[in-house]
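Note sheet for the following structure.
Note that the chains take the letters A, B, C and D in the order they are written out, and that residue 1 is the start of every chain.
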C-alpha cells in the first residue's frame, strides 16, 4: 500500500483553474458539440439575406440585429450542456463537494462555456458582417460588443441551465426562461453597433453593456449556485 | 353628468368599441379567473370527500 | 499516516428526511466518533440515499441538524466538505477522460496534487493496469467503479460517506476495499455506508441503523 | 439502535403554518370581495360619469381607468411574488412559496389585460394596434417573465424543487425588471428620437386621478381576495390531511 506523503497542497486558484481546464479538455475531446454552435451561427446568420434580398443598404441596416440575435441564439443552444453532462455522470456532485465555494465553481463553469461558445463568435462575427457589408468601424464595434455581450449571455444563461438541470425536455424550456433576461444585453449590444452605423459614438451603449455585464458577474453566479444546490438535493 | 341619453352614453363619442372592449376584457378576465377558482375548489372538495370515506 | 490524530465526531440530532411528500425518517439521532463504522440498512426506497446525501451536506434535512465537531454543517459549508469523501450511486468520473486524469482531478478537488506514478500505483493495485490510458467509457462497469474508488487509497479525509461501495466489484476488489475500510477505521476514520451484501468488518466500533418502509 | 417508525402520509400541520393561515384567510376573503366590488363600481361611476371629456382624446381616454391600474398591478404583483419567493428561500417556509405560486396567475392576468387595453387605446389614438412604446414593450416582456415562471413550475414534478427553483427565477426576474425597463426606454429614445412618449396619459384632471386611484384600490382588494382563495386551494391540494381537517370532515 503506498504510504508516500502527498506532494503539495493546491491553493484556491489552482483548484479552480483545474476545474476550468478539465471542462475545456473534456469539451475539446468531443469537438462535435463545440463546432455545432459555431456552425449554427454562421449558417443562421447567412439565412437572413436569403430571406430579405441582397439590397446592401437594407442588409447593413439589419446587420446588427441579425448578427446579435443569431449570436444570442447560438449561445443559448449550448447552455443545456453547461451542467447536464456533469450532472449525469455524478462529477457535478463531486465538484460541489470540493473545498471551493460553489459560487467560484459556478464561475469556472460559466467561463468554460463562454470560452467554448461565446468567444469563437467574437472572431467569426466580423467575417459574417462582411456579408452584410458593414464598414470596418462597425465590425470593430460588433466584435467589442460581442466580446462583452457573450460573457454576459453565458452568465445569465447559466441560471437557466442550473434551474432546469435534470428536467426532461429542457431545450426549449431554457429558451423561455432565459430570453427575456437576455433583452438588455441584446438592446445595448446591437444598439452599440447601430449607433456606430449611424455615425453616433457607440461608447454610451458599450458602457451600458459593460454595466449589465458587471451586474451579471455579481448576480448570475449567486443565482446559479443557489439553483444548483436546489437541483442536487 | 354630460350624457344626455343612454345611446349617447353607449356610443362613447365614437370610441364605443375601444372603450367597452377594454372594460369588457378587463372584467371578463376577472370573472374568468374567479370562475376557474370556483371550479378548482369544487374539484378539491369533491376529491377530499372521496378520500375521507 | 496518523493524520486522524485529532478526534472528530459526527452527530445527527432529530433528523427528519422527506422525499416529495413522503416522510422517510423522523427523530433520527446518532453520534459517531473516531474509528466508527455506521452501517445503514433498509429496503430500497426507505431513504438511505437521502440520509447519506443529508449527512454529506448535499441535501438539507427537512428538520434537524447534522453536526460535525460541534458545528452545524450548514454553516460550515466548504469547511465541512474539506473533511468529507462521498461516493454515491453515480460513478463520479468523466467518461471522456482516462482513469489517470479522473483520479488526479478528484484529488485536486480536495486540494491535493499527486504524481502520476503514485496514481498509477493505486490503479495497478486495483487491477486497472491495462486500461490506464483508455477513456473510461471503454472500461466495464466494475472497472469504472474501481476508478471511482481509487481515491480512497490516496485521499486523507476523516469522514467517508459510501453509498453501496461494493456494487459491481469482483471478489478481489471487494476484499481490497474491505481491508482498506478496516484499516481506515482503525486509524480513526469515521465511515457511514450502506450495502446489500452481508459484510462483517472488524473495526473498533460497528453500529447499525435500520430504516424500514 | 433506535428503530424508526415512519408514517406513510405525514401530518404537515406540525411543521407548517397553513393551519392557522387557512381559517384566517377564509374570514378575510368576503370582506375583500365586498370592498373590491364596491370600489370598482364607484371607480366606474367616476370614470364614466363624473370625469369630463378630454379635449384631445374625446371619450377614448376613459380606457385609462382600467389600463393604468392593470399595468400598475401587473408590475406590483410580480414584485410581490418575488418578495414571497425570496422569503420562502430564506425562511424555507412552505406557506410563502404557496403565496408566490398563488400570486402569479393574477399578475399574469393583469399583464394581459394591460397589454390588450393598451393596444385598444393605441388604435384610436395613434392608429396602430401595437405601438413600440417603452411602457407597453416592458409590459410585454413582463408577460414573458410570467410565462417563464409558469413553464418552469410546470416542468418540475417534485413540488418541493418546483417551489424553490421558481422562487430563484422570480428573484432573478425581479432584479431584471428595472434593467429591462431602462434598456427598453433607452432603445425607444435611440430609435424614435425624443418624441413625446406616446402613452403619456392626458393632463390629469384631479377627478381622473381620483377615478384611477379608486379603481386601483378596487383592483388591490380584488387581487387580495383572489390570491387568498387560490392559496387556500393550494394548501388543500398539497395535503389531504389539512384538507380533511379544514373542510371539517
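We adopt the following convention: a contact is a pair of C-beta atoms (placed from the backbone, for glycine too) under 8 Å apart; a residue touches a chain by one contact, two chains touch by 3 or more.
Predicted model, so just to flag it, every value in this text is computed and none were measured.
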item	value
Comparison of A-C and A-D (more C-beta pairs in contact)	A-C
Closest chain to global C-alpha mean, per-chain Cα centroids	A
Gap in Å, rounded to a whole number, between the CA centres of subunit D and subunit A	32
Separation of subunit A from subunit C, taking each centre as the mean of its C-alpha atoms, in whole Å	35
Distance between the centres, which are taken as Cα means, of subunit B and subunit A, whole angstrom	45
Approximate Å spacing (C-alpha centroids) for the pair subunit C, subunit D	47
Of all residues in subunit D, the ones touching two or more other chains	160
Touching two or more other chains - residues of subunit A	233
Per-residue multi-chain contacts in subunit B, two or more chains	none
Set of all touching chain pairs, with the criterion as stated earlier	A-C, A-D, B-D, C-D
Sites on subunit A touched by subunit C in the complex	1-4, 6-11, 14-15, 18-19, 22, 25-26, 29-30, 86, 88-91, 93-101, 232-233
Residue numbers on subunit C that touch subunit A, as the complex places them	1, 53, 56-60, 77-78, 81-82, 84, 86, 88-97, 101, 105-115, 118, 121-122, 125, 135, 153-154, 156, 183
Partner subunit D, residues of subunit A touching it in the complex	159, 163-164, 167, 169-170, 173, 176-177, 179-181, 183-184, 187-188, 191, 194-195, 208, 212, 215, 219, 223, 226-227, 230-231, 233
Partner subunit D, residues of subunit B touching it in the complex	1-3, 9, 12-15, 18-19, 21-23, 25-26, 29-30, 33-34, 37, 40-41, 44-45, 48-49, 51-52
Residue numbers on subunit D that touch subunit B, as the complex places them	44, 48-50, 52-53, 58-60, 62-63, 66-67, 70, 105-106, 109, 112-113, 116-117, 120-121, 123-124, 222, 226, 229-230, 232-233, 236-237, 240, 243-244, 247, 249
